[in-house]
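Each of the next two complexes has chain A plus one more chain, namely chain B in the first and chain C in the second.
This part shows the complex of A and B:
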């Protein structure tokens, strides 16, 4: 375990930046925290979490795949990929860090998505333990320990001190380049962890009952009549999917400029009416089916295909951002009531 | 860096055959003039015309065809309109193969087979039928029931007439929806024709066609006493990645692009009714 005074964070960030890019949560002009490229003077946000999730850095909203040049019936393929530089993402919360392992299961399974893989390979993830969880947090119900997040390095902010623990080789390599980090006792974070864990247990959503969900529950949940009332007011705006750290659906589109074509991918949403629309038909004709897809995917389909792991990390973003105040917790509570 | 699976290869369309008023068959090779990749009958490939779009098509040629891949494509939307308007010699992009394909070397081996197709539904079956013809001794009797709106809409009519129906152990039963002066074969819809033919229920069935045809033919097969575990079909949903990652083509826990497109009906029964 290492430590540095909070007043020296600028020195730490400057030293990291000397070697590679550094992103930290900082408040934007609207007062929302966002992962922002660090520059001298940029202050660490005091907010619990970023408005947009950390997935943006590995799975950007828009990403070029390949280019084509068209000449009289012939096609020339043009490489558009840029190898990213090494970067550090500092201040990732436990929930978002867990989301990376969920995205890994999608993008790093065969056939590997090399765009995502490349960004993951270039990144060092430095997480930051939570001390003041909010009422919308239910990471604990999803098996995430906010007091001891994973990542290449784990940090704790405690009484004006930043505690720093390297967890992986990448984390060790970064630590070695930062001489301003001083050794400290291995149990320095223990008291804070105990406090945070006790606090987590008192959160309104800590005891969220997930026993009605998980692998094998499709049949029990698919035709439940409650889907109609749950989805009734859904606008199909896709806000929940865009802010969600684990939502990973994408579209592949093209931009044509004369004889050059750029093929890119961009985030898409299962909440959109044209997501599954075909000329021959539409398997999800109303918002009810699209809404059901989003939640059953996270709560049943994903765990069934991924060793029981839920496709939600309990970050609470969709609770805070949905314009009609619908969210996964309401779905869990409503459908968790089993009818005999 | 390994090439990303989303990035296609360039292919050349060396031949275009007009099958019906709205179906053409495209022959595709790589830039080196060779077959772009090997596949299993029932698998698909993503073809694209950059600037127009990319779409998934089933591979119509048999894996035993070593020189090229063929795709029978019905005109229905941007990419297909463009393909139908193109001249041979032009380039397109291709990536694949995708999906599970038919269990031709396992479940089908040694079986009497019954193929049932409607309209362009012959395309995915064409590959497996020619595979079975090539390895004829590995399979029992083969019956093919194929129907279309009219004579002109029967895909691969010359091949069916001159090759398939002339082979020992293969019986072809063609039908068209309405009477036509030049037609002396069966007239009527596929499901009813299957009822009339009353095939032996020990057969393994492979069925492909428009949803209504599938629905009523399945009902006919059930009435005849067939088992859902021996009836196979292929599914078609909207796709973008074909890699099981873009999240678009799932039916419950299964991704049609990766876990399908071939499913047995007992497997489909396990999935929610959302297709």
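This part shows the complex of A and C:
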């Protein structure tokens, strides 16, 4: 375990930046935290979590895949892929860090998504333990320990000191280049961890019961009448999808200018009316089916295909951001009550 | 407060209506969801009227008024303008809706409360005009006005544009300086203004919440969703397209936008969309004479009408500092 005074964070960030790009949570002009490229003077946000999730660094909203160009009467393929530089993402919370392992299951299984893989390979993830969870946080119910996040390095901010623990080879390699980090006792974070874990138990959603969900529950849940009332006010917007650290769907589109084509992918939402629309029509004709897809994917289909792991990390973003305050917790509580 | 819930029960019990549109209790005290209630027990169990009823119910009446039978809706002053505008556009079937107008003292907004640095809020209670906010990390008292959402901080009017029955008193137009911020942006140089909007709109994640919540955006298929329009853009092909989406949307709703404030309320990225709409409203007031969309059932929105006194289009260029 290492440490550095909070007042010296700028020195630490500058040293990391000297080697590679660094992203930290900083307040935007509207006062919300967002992962931002560090530059001298950029202050670490005091907010619990970023408005947009950390997935953006690995799975950006829009990404060029390939280009084509007409040249001398033939179609020429244009490489648009750029090998990313190494980067460090600092201040990732435990929930978002867990989301990477969920996205890995999707993008790193065959056929491997090489765009995502490239970014993952170039990134060093430095997590930051939580001390002041929000009422909307339910990471504990999803098996995430907010007091001991994973990542290449784990940090704790405690009494004006940043504690630093390297967990992986990548983390060790980064640590070696940062001489301003001084050794400290291995148990330096223990007291804080105990306090945070006690706090987590007090959160209103700490004991969320997930026993009605998971692999094999499709039949029991698919035709439940409650889907109608749960989805009746849903606007079919993309807010819950786009702020969610585990939502992973994208569409492939093209930008054409007459002589060339740029093919890109962009986030898509199963809440949108044209999602997976085919020539035969729309397989999910109303918001009820689209809404059901989003939540059953996270709570049943994903665990079914991924060793029982839920496709939600309990970050609470969809609770805080949905315009009509409908969310995964309401779905869990509504469908969870009367299960057989 | 004002017997709103009691009224919902009375309307259903007396069978004067078949359904009631209102707000349903959530997990916490603030996360109410718009909902349709069909029975008295349902209302008793989960209908809520509180300082967190900011959601505008009018747009839901497009579908609800076409479902057969009679539906009652509780509308705040701002919601009634959206309602009237939608009736004028033949979207809501007026005869199927029983409008219960509800007077309103301004709605609180959790995002605003959180912006004061309060986190893990467990309850908010009104106490002599102030708000007692309890959190896991201690309590604090907020001035009520500091907890209001943007649309309520700058409420244009407490006068209900329509109602079949009224809970509370009819109110008056308000002067809460809703154009002050617009004037501040008008005073910028074109370069500063461009930079301001580029900055604000660069945060957009194109979730479409602003459009989908907007009562003036009630097209069956939005031009931006229609593959045959040539304009469909689920994601922007370049950084300016995002800006274009907002500019075009502002034009599409101009003179029909009632300034209900929903777009700004729902934006997860806290983009001040109301400033765009209010700029249009301010200009329309100046160019065509004061006009409030949704204030009455008869007048035509100025941009959907033609009179001989209409300003010449060249005025736009003059005012914009062009030729």
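Rule of thumb we're sticking to: the second predicted complex is superposed on the first by the 335 of 340 C-alpha atoms of A that agree within 3 Å, B and C clash if a C-alpha of one lies under 4 Å from a C-alpha of the other, contacts with A are read in each partner's own complex, and residues count from 1 in each chain.
Note that in this section contacts are C-beta pairs under 8 Å (C-beta built on N, C-alpha and C of every residue); 3 or more make two chains touch, one makes a residue touch a chain.
Computed from a predicted model, the values in this text were never measured in an experiment.
Aligning the two structures on chain A places chain B and chain C next to each other without any clash.
Once chain A of one complex is fitted onto chain A of the other, the partner contacts of A:179 are absent, as it touches neither chain B nor chain C. Of the two partner chains placed around the shared chain by superposition, neither chain B nor chain C is touched by A:41. Once the two complexes are laid over each other on the shared chain, residue contacts for A:225 go to neither chain B nor chain C. When both complexes are overlaid on chain A, the residue A:160 reaches neither chain B nor chain C.
Look at A:243: by the touch rule set out above, it reaches chain C but stays clear of chain B.
In the superposed model, A:301 lies in contact with chain B only, and not with chain C. In the superposed model, A:115 lies in contact with chain B only, and not with chain C. Of the two partner chains placed around the shared chain by superposition, chain B is the only one that A:68 touches, whereas chain C remains out of contact. By the document's definition of touching, both partners, chain B and chain C, reach A:251.
Figure legend note: chain B and chain C, brought together by superposition on chain A, show a least Cα distance of 10 Å. Shared contact residues of chain A with chain B and chain C: 251, 268.
Of all residues in chain B, those touching chain A in their complex are 1-8, 10, 50-51, 53-54, 76-77, 87, 89-93, 211, 236-238, 240-241, 243-253, 271-272, 274-275. By the touch criterion given at the top, residues 26-28, 30-36, 55, 60, 110-111, 114-115, 117, 119-122, 136-137, 199-200, 203, 205-209, 211-213, 225, 227, 234-238, 262, 265-266, 268-271 of chain C touch chain A in their complex. Against chain B, in their complex, chain A makes its touches with residues 65-66, 68, 70, 73-75, 77, 81, 83, 106-107, 109, 111-115, 118, 218-219, 222, 248-252, 254, 256, 261, 263, 265, 268, 270, 275-281, 283-284, 289, 293, 296-297, 300-301, 304-305. Remark: chain A residues 28-32, 34, 46, 48, 51-52, 61-62, 132-135, 199, 202-205, 229, 232-233, 235-239, 241-243, 251, 253, 255, 262, 264, 266-269, 272-274, 319-321, 323-327, 329-330, 333 touch chain C in the complex.
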